[in-house]
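Structure provided below as structure tokens; questions to follow.
For clarity, chains are labelled A, B and C in written order, and residue numbers in each chain start from 1.
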């Protein structure tokens, strides 16, 4: 019987040889894959362990996380237009969990917490919570998408516009500007926060930094030169300083916590009575003479 | 595995393959001239048979309609619409591609044996491995045509989608079509690997067993990251089983760049080529095994 | 004890066998055995049991037997579709594993298993292509074969829409696509109506006239009688009787006179005549060696008023031989 069939050992050895060649290569591709497809990015491992068994099995099977995220995103749109702002939060959470590279979802999530829900919140504690949550969300987004400038910019803008933390804002804008595809307005935003807090020591170097970039962009160069000229002439003008502070305090985002009330701000503090900035370790307000209560006493609401 | 160990293993493999090829050259060299025409004829008849099957035509029409219907997301922003079209379109190509691959491949050889049309072929001077290879090639041509049609429709929908934005004609989002086409090509190679495995199983099993095994292999191949995590946390026999599954079943995730394409991230063409070449190597291995098993199959 | 009639060159009487005398063996099996084992029957089922078969060039050999006797299994082993458990088989002097042998074989499977979505033209083109013929040659072959099997007008009809007879003819055409020297036909007339069977028989006779060696499997004994030179009766995997038809049937043993209208009294008188074995109704049976008394018996029958219809020397039919051979096999 065996004489009627060909021996299989050459083919079997061929198979073994090919497998020896292929096995290390497959492992190499698989373990290097997240880095290979974009050297700058660290993709979070999409396994059922990290995103939960049900979502993991349904969405990760066959790589349909993106489609599942899209379907949830449509639900977000529907809830938004229905005015149900609070229901959007778990949906957005699921969307960014399923598809951590969906930048728009991160942006909307962070913005919705830091702006809309922050406004809707009734108490200062809640307001602070939502603002912090928005910032935290954007930081998670940055961690999931370290190779894209968009979320660095969003984080910087939220610090600048909402949290009034100029230093953190400037730092995030600077990191966003490191990416070659970041637009020119991001470069300009590197110095804008320092304008607001009148930190001229940092302002002028930042303006020089912005001038040295985007040399072909005439619009950018015109604006930067204009700002440089403005602050050079008004650097020592106290009238201008006061004007800037008043502008800052009377902007339409008045209901937000002013930067000088943000508890982690290392440089500025505010007098609870008159709302004017004063040095952090001063016991008495230089403006109205109010004596600051000792540590541990409850916060006194701002009286205007 | 350290780099040195993997290099040594690869070198041993290369030496073994070269030795076998040289030693057996008297067996395979003369047959080369005869093999390709036979394989091609069998592939052509497989394609012609698939073309006449109504089921496949119906599925293609269904998918084309599905992809064309994705233009109805006009209430979203152009970028969101493009993202949704790309992710859903590529997902449809993958899902329908896999379903068709399973049902085309699972019926390739077992159906021939069950209908006994194989008698008239194997009684001709056709080697058994030529039959397996020809059937596989025919299936891949059919699947390639289907994936190509679906990709063309998807690309057409993408190219046209910005024209459907009525209110703000200046706010266009023109997605780069290259990555979309590359994602479809990689999907096709994932199908090729899966089809080869299905053909391997079908050389020893019945149609039902092949279909069920195909779905299981697809599930395992897509969940390789999960299996790796589970293996790291497991112990004993279950760890061994999971490691075997992880290393033996092909990693279909290597061919899956849909996520990156949907999010308009940058794609590495080099990595895509590596995945394709590895896939081709894996297919060769699997087809050799299929030929060995089919050689011993009594029809 | 198995009763087998060995064929020797000295007692061949059939024309085809005489012509094949001295020619090489085209098909030869020695001790060919196939045992199907399974979990439910570990001892196995012997589908083919120590088969020794020899078919010479130019002869038409038929394997007949009841369903399940191992005929189709034997053919499948010869074609390499299944593998024997032991023994050997050669075709044209080469082992059956040699693919070159298949260039010279044509196979008609039972029930014409061909792709049913294609027309006859397309099918023949495909099968011709497997032999590496050029497009022009394939077209020529297709035309010739369709002409031969009478399917020219229906060349574009899909296989599934063809009648049973048309399908069998197309299947025979695909078996002839390489102008084979050896034709292996498995139940070529199964499922056909009498007209279809007649057509198929004519085709097989035509192929025989063209000098092809034909190995035929059938359980239609009438068609076997019409076309075959030698017959092997297969039962339970073994050849229980083998030889030329005339060999197997044996010599006639009696002379039968069919006479109508013979009165009963006259019948008793005729039965008492020397050389007459008996009278059964209208049949007067005489011993085969009593040819010399035939005329006197005929005269007595005529005088008694019987009308003589026929005088014949009946040979046992193949069916009789078949039934006898199987009955003699130990169970």
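The working rule: contacts are C-beta pairs under 8 Å (C-beta built on N, C-alpha and C of every residue); 3 or more make two chains touch, one makes a residue touch a chain.
Keep in mind that this is a model prediction, so the values were computed, not measured.
When chain centres are taken as C-alpha averages, the shortest distance to the whole-protein C-alpha average belongs to B. Chain pair with the most C-beta contact pairs: A-B. Chain B and chain C have Cα centroids lying 50 Å from one another.
One finds 40 Å separating the Cα centroids of chain A and chain B.
Chain A and chain C have CA centres that are 89 Å apart. Each of the following residues of chain C touches two or more other chains: 80, 83. Of all residues in chain A, those that touch two or more other chains are 5-6. Annotation for chain B: residues touching 2 or more other chains are 296.
Per the touch definition, chain A reaches chain B in the complex via residues 5-6, 8, 10-30, 32-33, 36-39, 41, 45-49, 56, 60-67, 69-70, 73, 77, 99, 101-104, 147-148. Across the interface of their complex, chain C is touched by residues 34, 37-38, 41-42, 44-45, 48-49, 52-53, 115-117, 119-127, 296, 298-299 of chain B. Across the complex, chain C meets chain B through its residues 76, 79-83, 99-100, 102-103, 105, 107, 109, 111, 113-115, 117-118, 122, 126-127, 129-132, 171, 174, 178, 184. Residues 1, 6, 9-10, 12-17, 20-21, 23-24, 27, 75-76, 79-80, 83-84, 87-88, 91, 94-95, 98, 218-219, 222-226, 228-230, 233, 247, 250-251, 253-254, 256-260, 262-263, 265-268, 270-271, 274-275, 278, 281-282, 284-285, 288-289, 291-292, 295-296 of chain B are the ones touching chain A in the complex.
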